[in-house]
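After this come two complexes, each holding subunit A, first together with subunit B and then together with subunit C.
Up next, the complex of A and B:
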């Protein structure tokens, strides 16, 4: 299983095993990583799974979907490398992915 | 703190367990659920799961491994039948007794029963549990005509899925318009028109006299005397909170289990969260049926149980997917006296800003996710947005 590292706003890192085909959000929620809520269950409806993708991974994780773009364009603390982690699908290529979390999702 | 026992294993219960562990709570957590199987997400039942876009496995709120890893004990298929407050123990249907240090009622709600003759016939269905939905999903390919009773969120979501499959759909609603309780008239009228455009027959201001059929539902007789043929009748006329346990335990019950701003019942050792809880908000008692409310109340209660009590005051928000429509609502529009349009309904994407006097109460967005996000930010503070600004497409909501 690919390993993904989630780094909390306070610097605490969580390394989890992610299931291929599921979303990066699911990997966090399934492993109870604090700071990723995913309240809507991955329907791109709540923007509570906001992460910052480390620059070297942006090419692998791909670009924002249109609906994700609109959700993020007005979310708090959005940066150029912001993604909704429910919209990133886990694959072998993501093994070693590192994402950072904003200071709160609400 | 000693053992935390939660009655129920829906969104609120699972989030509470997750938040308690994230916050460093090290004691026992026990969730007790009447249904069998892994606790699951409800919103996709009437949307992506029913339509076949989502697999059953993806419905689980957490994978099986979560419970062991987080030391959350899940007692499934065994309902709580009584609470002994003096003894601090709950009794289960199996006869087992589970002691608690703190008890959380996250009992949810149950579908309101249709109070007419024939409602008990086979072929009359509800849509609340995974079992309900599996049964519906299994018969969906064979259905030609369905009658949906109730034009609330569940009724309309089911109608959208059925119509998309080419099933002939009639929706019967007692109120003068669909989603009467949930959205403004302008949004409601728009949704009604869209559903009619999909071929759905939507009867408003119409009651149901009986479900008719010989040993099985074959149709619905309306208050107008018309009999509408159906292979399946879906009853979606709202829910009633599961309050029996609280009532029998002598706790205060109104429209739900009554709690204070910290989500505590009158018994300091018993709290209530989610769909079953009636809580103070904006000077009145409210009860909300939503994932946001369940999740945010769970997080708030976890904070209190971890020694950081903050009165619950999160902005309510909701969403509903109906085929190509994505409706997102921020705030509660009840009592609004002015509905301001932003965008053109004819374009299929617009928002309705609901005001009472000068004050913005809620924003309903259809296929306008960005405005929904903005609305959530504006409503979470002290909204100063005026009706004129809301209606002006040139006004940048970010400056509100």
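Up next, the complex of A and C:
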């Protein structure tokens, strides 16, 4: 299984085994990573799975969709590399992915 | 439950399952006051999840009763409008003679611009700043409650705490804070004899007083450097500083109701729920870490806003039914949060439920509750402090409920703290 590292706002890292075909959000929630809420269950409808993706991974993770862009525009502390992790699907190519988290989901 | 409320519920169940399906009209305020709406939604979820009521005091409307269909409507703002001039976001159409434009009842792009002005005050960074004040105030309220004698939890705790919080957010004169409670009640009520206000004229007069009061605060703050309170933010915000007086009033009402009624009723609902499921409270008492799942679970179980309304602006199929442009569409959050296809044993409060955050109470999509994290924080602080003190709070009788299909809440809950 691909390994994904989630780094909390305070620097704490969590390395999890992610299921192929599921979302990065699901990998966090199913492994009890704190700081990823995923309130809507992966519908791109709440912006509570907000992460920052390192730029070198963008080619693999893809870029924001229109509805993701809209939801992120209401989130706090967004940056150019903000993504909703429910919109990134886990594949072998994501092995080693590192994402950072904001100070809270909103 | 006492005998009266059981009788009412049994009669409702009998009626809900025997009446012709086409006649079911869940938007009946009396049903909600009697807490008797449940069996009607139960039947609709089972037999007609997207249901058309042809005739009612609110005109014809669609009822969306299942979780997934509600999600589909809520996230499709291009087909389902919130615009106040089409009727707005509750089943009762906005009055054309006294419009209250507010960003919840707007569509993009105006909605997006105005929401973004308000949003920072309830973002995680600012909440950390507010937490200390909220805790201090919660502690003062809890420590000031009588011991060994009956009192009304709604008035002494739920209203007092949420009103204090609101006064803090607006930087509103503290001694006048109950005006906020009053304006919130007036804004959401339906005028009528014996009601919160007797006539629509009285309602509008009181809301104009509200506008006048806030206009004073606005004028003070627009001439001062920007500060972190909501009035200052609106007065200085690029997208809000040129609002018309009606727009200003509309957005104030939105923030007052949004920051008041909802949390208020979840504060009462949590205590009432624990009286119905005492073993769940014992589970929480034994393990305070369960508060993380308990708080969203209380908000789901209570569902403080029973519905949100949209108006279709294009023809759209939902759950196999054809909704036409112009139709009124009611998303019954109160029903979707009891949908057992998505939520196991939905009628029960379960403090250690799996995926407790997956509920409809805050809505989803671009209109999702902007203050949701603040609401959760207020509730968490109150329950943390109750648990810390191990207060033994006894619910003495059934609560009295609000006469509304929109605000699902309580006007009274008699309780006693055992010595």
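Throughout what follows, the second predicted complex is superposed on the first by the 106 of 106 C-alpha atoms of A that agree within 3 Å, B and C clash if a C-alpha of one lies under 4 Å from a C-alpha of the other, contacts with A are read in each partner's own complex, and residues count from 1 in each chain.
The working rule: contacts are C-beta pairs under 8 Å (C-beta built on N, C-alpha and C of every residue); 3 or more make two chains touch, one makes a residue touch a chain.
What you see is a predicted model, and the numbers here were worked out from it, not measured in a lab.
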{"item": "Subunit A as common anchor, with subunit B and subunit C clashing or fitting", "value": "clash"}
{"item": "Touching partner for A:56 - first (subunit B), second (subunit C), both, neither", "value": "neither"}
{"item": "Which superposed partner A:103 touches (first subunit B, second subunit C, both, neither)", "value": "second"}
{"item": "Touched partner set for A:41, first subunit B, second subunit C, both or neither", "value": "both"}
{"item": "Which superposed partner A:32 touches (first subunit B, second subunit C, both, neither)", "value": "first"}
{"item": "Residues of subunit A that lie at the interface with subunit B and also at the interface with subunit C", "value": "29, 37, 39-41, 43-47, 67, 70-71, 73-74, 76, 106"}
{"item": "Residue ranges of subunit B touching subunit A (in the complex, touch as defined)", "value": "18, 21-22, 41, 43-44, 47-48, 58, 62-63, 65-66, 69-70, 291-292, 295-296, 314, 317, 319, 321, 326, 328, 368-371, 373-374, 377, 397-398"}
{"item": "Subunit C-touching residues of subunit A, taken from the complex the two chains share", "value": "29, 37-41, 43-48, 67, 70-71, 73-74, 76-77, 102-106"}
{"item": "Residues of subunit A defined as touching subunit B within the complex", "value": "22, 29-32, 34, 37, 39-41, 43-47, 67, 70-71, 73-76, 106"}
{"item": "Of all residues in subunit C, those that touch subunit A in their complex", "value": "71, 74-75, 108, 112, 115-116, 119-120, 122-125, 127, 355, 357-358, 362, 364-366, 368, 370, 372-373"}
